[in-house]
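Just so it is clear, A, B, C and D label the chains in written order, and each chain counts residues from 1 on its own.
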């Protein structure tokens, strides 16, 4: 088991012939992901990296049974690509594109909800179920199959954390980079529930950031619904108020969404918060030991 | 039992202080319908016919628990009124207003579907469950409690049919006027299924009109899903092609949607079609006798 | 409501949908002038609000000034299905490779706008629909998304392989949808949409119908309405709250409700008669409406008997009866009248009718039969 | 991206949202002229892109020409939170009964636009949010419906009882929402929205922020951008693919990824140090980016040590190492550098670093500790 993606994932790549799409298609394929189709309007009928290319998502899904799509199209067209995936019969979309206008995401997420289609991102590194499927731009080699579920708003910080877990013998069930944009697809609560329901996941690592109140809400959700051990980390403890730190999400304004508040929220519901990445595996092991 | 409305219906009247709204509120109340609230922006806090009036549907629902709403507002505002009902927590909207722009109905029905809210109309006479609730402008006195479910695209023709049933001792479970507009709420298929599932209904009368292919689809649906006896009638056998007969729906163009085609469609699936209203009770009695 | 081809194409042009260079003309001299400006060949097309102008000879290609004047002379004043041609559209003749059909309308089943596209353009789409329905691709447009680029692309790839044509089509389809929405249209068609020798998409002919219910918020479109004689009568009736359509029979009917009115006509036919009209007096109880309705029936010289069929709901039968008496006092009615009243206040209404010595019947069937009986008699007298 | 009050109100005016009569002025003489035209009293308001101008004395009421000149003299050139006031807005003084707050922004949780409304207008809404959160009503706007009349009415009835005010508000709210959508705004506020003595709604102050991601399709708005010095540096960095924010510390950092960059700053703080900046070199492997990043760090005189923290994913560590060597050859770097490389091609990268005799560490923690150690040393030397 795992969440969202696994050996049965049949991946479609939207924007497969573009620079990023092409590069990461090769990487994902090398990792062993079952990539069944690509979409690139006007290039239908060709193959790319040995993968059949279609003009539209609908055709690709009908011809190959693709159930998951990763989106590499440029930001101005990403919202439409998400809609096309949902309308075309895809069950899970993963949008890597950075810089998608917020109102495009408002429209897209409303449509996805109506259609019952899941989305990760935009502006995210994607996700991985080690040894089964890589749907994203994460460096596959640092991951190891295991029982820790991980979700994060950040990219490279995720790698840092995963590296800590892996080098300390803690493999992962699924790791999800949810992205840092104001309006995004699946977020902490939905993923917490999925990990809770996944028999393979024994502990959950949640990596947050300053800005917004998603972490505070996640803490509340953990209190109410999650029985598995959760360890958290919050980046941006020293970020100055009112400044954006790369992610649109990372803003502190008027005292809300600070790292201190988020840390307090987690600790109030019994979720230990690591102060440094190295503490993460230690805390996970402690909680797992306590549980067993 | 019955469908859609009954003794537990708590009715809200949108546009209660208008000319039509006011008149029919009195009629419905006199019939015994449980009218709990009215809406008329700017008249919140007043009472009308002894019924409390609110500024918004949301307030009315919160204060009174209204679950059904009848809409009497002028056509240019009817689409918005339907949306307000759905957003405000109403489960069934009944829109009497005539002349609602089609694109307003396209928008409204899409929203209702998303919200899981039911609608009858627009441009319809409403519905009645005899002795329980009248939600519409139908003349209550011609109806009689019983076991025939009736649905119709037309208003006065319905009364004619109901009169035939009642005077021949055939009472009705629920009678629904679905309206004749191009885009409307619940239609034959949904209502056929509701009558099929309603233990009190033993036979169904379907009154159709020329134009569109709703009757043909209903015939197909009856063949596949409906076990109870159905009797049909089609108005407009002599209507000339290409002319509108009052209802926007009643157009015959290029040989599709004619009465002959509709009658053939019903007869092909074993649904007898009355040539004159007087034949309706005869056919119903024959089918009921055959069944028992 | 319908508008002419040249008006539809003015809308296209405003939405930057490519059309031919063209101008509407009212005289042969105008046609000659415009043809001279455009250069030959030109196409001269009758502008009428009915279909089938092609078969009727209302579209002609002219390769010279002489031919243009001749075409205009033939078409202007021509009768097409009862409409006299008062204006023609003169358009540049365009060389093209292939013809397509695209259109938007309302789909009752999906309760949405649908986009229709076919590679079999240039012929009557109704015929394609009958003979080869699979040749028409239909796409439901989600009202929450509108014509999104991906949907436009999906449609375009059904018609074209060349990505350059697909890109032009994506742009055109989005504009066409926006035009449909902005104008509260009920039908927008381009037939044919052609690919010119230069590889450009071009709307050669266009059609637009509009939602009558929305005309109140589309004053610019309402202003384009050109009702014919029958329609004028219908509009006049509508202004009095009546829904009236003239037919060819001899039995005039007055009914409340459209469905019942149609059923009444069917009943007349069932007993071997011919209805002279469809007339729905609606759901109100205003006696004046009955007076107006009687005047309308009397204005039709073919009407030899009047059958009144009322099932009172909102309409009160006594109001109808009172209106009828008033009408008989105001206008000279020298043909028989059969009255059937049921429902709300029927008893009171029948009382009034009886006092006026009018024949009263108990049901629709009886009313139709009685009207037939009286009609035969009166037609013998009159003929 | 932010714009000034006067620019926001120009947008309001274009959308026919009622605003005060007003004009932006750059000199005392201009202020006097405009005040003379408007008639007294007038309000003179500093136009700066930071909040808190009221408390800083940047808003003054003037009842005479003398007072207007005095107010302009005081405000023009004033420093508000590091911004010099270069222009003021001169607006008519309006008599009003009551003040409200209305605003639109994006809500992360509902993934929608939300409308905020409060009867506690005229004060800083952030303070209301903190002290009396229930006084702010929030309404999620369904993107499929937009600001429908019923929703606007629902909001309006929360603020007003008088149906005339409700009607004005319904109209105003719909226009405000359309403005938000049309301009890809991230925030639109009217604070205060007042009811004048004549019973009219009027926007006394306005604020608009925009979604940076959407500026590519909003060229007219992008053209209004007035970056301050720090922002100019950030924009310059962004053009080179870097995300840079200058801070007050002494340890310069260069990191790939925003989250890791923040975590790196936190780590420095954890060991008692102060980061001099946030610097994310992004996910590409272009060595030139590293050169640009080093130049940026060296341009900050407060930087006493550089800490490079790379976790290679898409970024290849050997590319970073190569870029660093190029940078050291191109620019004069006389402060210590600590390098941590992990992930993709870390081994190759570390090899290159070692050959350049730079200190190499194995983890973030170690890197921060080593930077601290070196920084103390260097600061002693430098001071």
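Going forward, contacts are C-beta pairs under 8 Å (C-beta built on N, C-alpha and C of every residue); 3 or more make two chains touch, one makes a residue touch a chain.
None of these values were measured; they are calculated from a predicted model.
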Shared chain contacts [subunit A and subunit B, defined touch]: C, D
Higher-contact pair (C-beta pairs counted), A-C versus B-C: B-C
Of all other chains, the one whose Cα centre sits farthest from subunit B: D
Cα-centroid distance, subunit B relative to subunit D, in whole angstrom: 55
Computed distance of Cα centres, subunit C from subunit B, in Å: 27
Sites on subunit A at which at least two other chains make contact: 107, 110, 114
Multi-chain contact sites of subunit D, meaning residues that touch two or more partners: 142-144
Subunit C-touching residues of subunit B, taken from the complex the two chains share: 75-76, 99-107, 109-110, 125, 137-139, 141-142, 152-160, 163, 180, 182-184, 207, 209-210, 212-214, 217, 233, 235-240, 243-248, 250, 253-255, 259, 275-278
Subunit A-facing residues of subunit C, complex: 142, 144-145, 148-151, 153-154, 157, 163, 166
For the subunit A and subunit C complex, residues of the former touching the latter: 41-42, 44, 55-59, 77, 80-81, 83-84, 87, 107, 110-111, 114
Complex contacts: residues of subunit C adjacent to subunit B: 106, 108-109, 111-113, 126, 129-130, 142-144, 181, 184, 186, 211-214, 216-217, 243, 245, 247, 255-263, 265-270, 275, 278, 280, 283, 311-315, 342-344, 363-365
